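What follows is a pair of complexes built around chain A, which joins chain B in one and chain C in the other.
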Partner chain A sequence: MTAALSKHFKTVVGKPWIWAFAGAFAVWAATVLYTGGTGAGQILSAALSFATFSVIVGMGQMYVITLGPGNVDLSIPATMTFAGAVSMKIMETQDIMILPGLVIALLCGLTVGVFNYGLIRTLRIPPIIATLSSSFLVQSCAIAYGRGLKIKPPELLAEFTTAKIAGVPLLAICVIALAAVMSVVLHRTVFGRSVLAIGQNSRAAELAGVKVNFIRLATYAQSGVLAALCGYLLAGFSGGASLNMGAEYLLASIAVVVIGGTSVAGGFANLPGLWGAALFMFLLVTMLNTFGLSAGIRLLLTGVIIVGVITLAGGRRN
Partner chain B sequence: MVRFKKTVLSLGVAATLAAVTQTPAVADTADKRIALSNNYAGNSWRQAMLTSWDKITSAAVKDGVVASADAFTTAENQVTEQAAQIQNLILQGYDAIVINAASPDALNGAVEEACAAGIKVISFDGIVTAPCAWRIAIDFKQMGKEQLVYLAKHMPDGGNLLEIRGLAGVFVDDEISAGIHEGVAENSQFKIVGSVHGDWAQDVSQKAVAGILPSLPEITGVVTQGGDGYGAAQAFKAAGRPMPLIIMGNRQDELKWWKEQKDANGYKTMSVSIAPGVSTLAFWVAQQILDGADVPKELTVPFLRVDQDDLEEKLAGTEEGSVANVEYSLDDAKKVIAGK
Partner chain C sequence: MEPFVTLDGVGKNYGAVQALQHVDLQILAGQALGIVGHNGAGKSTLISILAGAQSPSDGKLTFQESGTSLPGYKVDQAQAHGIRCVFQELSLCPNLTVAENARILHPAIKGIGWKARARTLISEKLDEVFPGHGINPDDEVGDLSIAKRQMVEIARAFTRVESPIHLIILDEPTSSLDAIIAQQLLKHLRGFVDQGGACILISHLLEEILQSSDRVVVMRDGGIVDDRAARDFDRAKLVEAMGSVAKEHGNSGKTAKQRSTDSQPLVSIRPAQQGDTRRLQAYSGEIVGLAGLSGHGQTDALVDIYLEKRRDGQSPQKAVPMALVAGDRQVDGVFPLWSIGMNIVIGSMRQLTRSGLIDPEAEARLCKDWREKIAIRTPDMNNNILSLSGGNQQKALFARALASDAEIILMDDPMRGVDIGTKQEVYEMIREEAGLGRTFLWYTTEMDELEHCDHVYVFRNGAIVADLSGDEVTEQRVLQASFEESTDAQERSA
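Let's turn to the complex of A and B:
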């Protein structure tokens, strides 16, 4: 019984995400060895800063992917851009508007998420097409709304998003806490368990009394809200919302989920892996930049190493 | 008073004469229709480019210089989509198509179809290589080299440089970088100690620079490709490193940051890029071609450069969050055509 339980524990949680952290540590160690030890701490601090944003969108994407085959949210970059542009414009650099700005950004995300599921459910469009086409609509709204002009964030928001406590970014601490909460939600609440159940077998979940449509709606809405939060914080962090600010986060959001050991087929997910994978992705690029390799070799190695880590993580699982 | 009247009168005569001499040009293209085929609109530079096009061409249409000048943008920055768009424009019977192309060679088939239908094709910024088309090209290599010329003049002792490149695999990135490396070869007191790709985006550059910075020695200068200077400055500030000389790329946030530093501690640098208003230059070149002017197939766009002395003036003329711009007139186009 104990053996069976521990085996179960290992299959679901133990093995998949350890590889992302191992990979992150390996590339960090290689970088530090190359530089002869200089900047070891600063590299980690920078990695935490930037991994934070991938983790925020990764959490939303992870829940969506866990819903089962075919579920993915491709509207994340557009939602980030839209929420960032709208909130920066409404705040108009005034500190007093920081909270209203945040609420409006999150509402933008909620709207996009609900709209996405509306397309999927009522028009019966596959999620990949529905979220892709809604991303065009949302991106066009962002362009029409902001005309591509970059508006600066309020001073206080910029300070909050870039603050560090003893070298550790404040925002990273907050998002680690958020990830812990999301992990509890996934494994210990009815909502989280329902998402996993739908991913494992949607029909069985329905027969067992899970409100499949409501849970799916909530999952897409949650992804929209998290993307909006990321857009809001990223605009504060990097000095304003620009039209292409989300572009990097489409692949990043999917990559951190997969490298983090969450099953692409759905039904199995884990939160710690997101952090491991996000740190790994940043440190990998840093390592290749530090080695001074040409762009072609860098991209080639990025691909090879990512495939390697996924194979290691996935191979053990099967 | 009398003298004043005389001046007014002679000015009036001159204006009438000018109008008379210009009339044939206006009449010749008054019924011509020009289309803009644009492959991408998702950043502030492209937005400014479209705004400039709209501003200049709507005035030209109102003045009867051309019958219409419509802008069309594809949604996904894809070659197939733009090729289909060009074929539509051929069917719609435009007299000239001005193109900012998604690819230098993949659109050549559609461009040649247009030429065969008697349509003049003028490409700019993202040029096409089809021999029948005109090219308003940017000397990207020179843009890279000019940065080293400036650095060599202001830092005769040289030092370590960090290079921020654009989007890997894109022709423009290779050209600017080649110019920078050529400049470094000619000024051996400079050494490039690190190179990252910033994708011409401020947040990507910030991320890349923040990653590589801890492993680098002291940096005296940062050579860039535009859109990345402010992100680099943020990364240096966050790492608590001494601020190097960062070459800027005409974005308003870059110029504003430069102005703040200049006021605070006399920070010196320069900024160079292409004005998004280059679309209006392409418009006037198209108008001249339709008018029967003898226009060489290869033209070069002048750079828009901001220096320490005219920073305030250029910054004041740049909209918040946009990019420094200049719109071209018919006379500017004639100068470019004449190779001046």
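Let's turn to the complex of A and C:
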């Protein structure tokens, strides 16, 4: 009985994503203790709302990072802004245009993703440089297309993105479902297995019959599409697109991947960790704000705590 | 002869797996000790313990010279006692040059001019052991062929700066070397032993063991089952002692398939360095051998075929599914984070996909089938691939290729470090599959294996220099073609 229990305990502790959830729970508990129990529910609800957006871009980034050392998508913020601005302009606040707007937004993301991989593959530019430079181009497009800014989202879209069912944001439920789908894609499809194989040893993957270039193209394209989806939804959620709406999602997309227990060296990834890490990041900031600490101390503690969680999770893995 | 080191009841277990049990062994100075045994018999574990890379679970090591047995025996102590190892998995840093790799072994080389000294040290040793090696000490190791890397690794083990070398351990040193270079090594080894050095030689090539060692130890299931002077053994006795199920057979007496001139080849390419119009061709159901000295373009030819490069007007239009069995398994084959099962399944993902998803039951079935068919020694196919011994990892790579729907299977000297029993099983399987219509292209450095081929192309300097079929495939013809420039002329005039 105890042996079975301890084995069960070991398999749970062995999961790399458990530390992100443990961290999230710990900071939430600390906050609630500090406030004496008030606002426990609201904090969780808000955390779910905001974590949703980090998780959407984090999923794309996770697949890219899993391709192996050097792979990263830095064009996520620009893609979000661009897709948000273009779709708001296309929809012109009309509910009937919600779906066409979504399709256009996703096409924007797809284009950026394919363009990124074009730079990486045909010009042999390292991904970090390729996606960074393309992000300047995309951001410029968004600025040039500035007419899409300051346009309110269609009412129905705004309602959908802010709707809650019994305190749980509707969007969060959808993205949890999406993450579940992406988890199945990662572990049970040819595409997902190929991504994991390339991340471990791309030459062996090629010699085992994996279409390495096509899979990498698809992964960068997927990251672009997810960034666009995030931009579209975030514009709906926050009452319109703005030029710096994606800014904080560059680091967030990478942080949730790493804190979530995905290997930075590639070849090993998990989806639940993204949620744990996204909640942790939001709740951490909430906690430090609740404590009423000064801005300097808040930043300091944020850094220290993130390093702590990564060390804990990483240490267990080895 | 003086014992150099004595092992008393040394054992090692990895969790529930007993890799080595209660081994008593004396290693004598001035004696070449051969160790043979199946994959997973405990040979590699035994030498890792001697090298200090792993500590034994129980038992002790006693060094004659210092008279001490060491608890917490580590690599640096092994070094201090003059033990040098050449491991089966090469231990050079691929991003460093040959000279820099030599320096890693010798912390004493330091200060201004260290690089020049390291360069001289390794060059001299390479010249001494492998005359005419063609390796520049400034070459980056990653750019060298596997044979040259092995040569560097061996020469490095023989280099000496301060402390003397007492024991050299060679684990499958010749598996990626061709016959001539292997002879150079064995000759050098003999010289070292005659001067009072001790040496341990592990090899699956029984002739090599019988020829080069003074004493032979046979291991089975983690223990020593026989220990005698080499002259008391012969090939048959060794095989028997290893408990090999291998059927020793001479020439199989098969008749080579005749190529019909009107059918279309499945593969037809001209190798990159080919000056004339000779082509590498394979017809359906054939076993085609690629022979010649190692590193003469055979692997490149296979990879070109696999990646569908170098196709031209004469190549068949239709590409058929192919699979490749890697020889350099760490670089070209294994996915280190995955289980044995997932490493096999990656070759057949598409066939196992039902409505977009890989069917876990079909996956488990495939793993179970192949574990039995090819006898992979593991309690659980969900264990990590690296939990297997080298030979068993290679079996998993075979299973990956054979389980796939590939019609053509390309093999890049895949039998390196595989024991004789497994080899016989795999040969059998290859023949069977060829009978069912699969086509094999098989690069090998071992003469015995060429006897299984219907057709053999001999490579030299990246080009085909001889094209033998059926009865023409003899060791003499192959060696002749591999070495002699004049063969070209003869072939052409004939």
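Going forward, the second predicted complex is superposed on the first by the 301 of 318 C-alpha atoms of A that agree within 3 Å, B and C clash if a C-alpha of one lies under 4 Å from a C-alpha of the other, contacts with A are read in each partner's own complex, and residues count from 1 in each chain.
In the analysis below, a residue touches a chain if its C-beta (ideal position, glycine included) is under 8 Å from a C-beta of that chain, and two chains touch if they have at least 3 such contacts.
Keep in mind that this is a model prediction, so the values were computed, not measured.
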item: Contacts of A:T189 with chain B and chain C, given as first, second, both or neither; value: second
item: Touched chain A residues, chain B compared with chain C; value: B
item: Which of chain B and chain C A:L207 touches, first, second, both or neither; value: second
item: Touched partner set for A:A197, first chain B, second chain C, both or neither; value: second
item: Contacts of A:L149 with chain B and chain C, given as first, second, both or neither; value: first
item: Touching partner for A:S133 - first (chain B), second (chain C), both, neither; value: neither
item: First, second, both or neither for A:T302, with chain B first and chain C second; value: neither
item: Residue ranges of chain B touching chain A (in the complex, touch as defined); value: 41-44, 46-48, 51, 75, 165, 168-169, 194-197, 199, 201-204, 206-208, 210-215, 230-231, 234, 238-239, 251-253, 319-322
item: Chain B-facing residues of chain A, complex; value: 31, 34-35, 38-43, 46-47, 49-50, 136, 139, 143, 147-152, 162, 234, 237-240, 242-245, 247-248, 282-283, 285-286, 289-290, 292, 295-296, 298-299
item: Of all residues in chain A, those that touch chain C in their complex; value: 184, 188-190, 193-194, 196-197, 200-201, 203-210, 263, 267-268
item: Chain C to chain A touching residues, read off their complex; value: 303, 306-307, 322-324, 326, 331-338, 342, 345-347, 349-350, 353, 356-358, 360, 400, 404
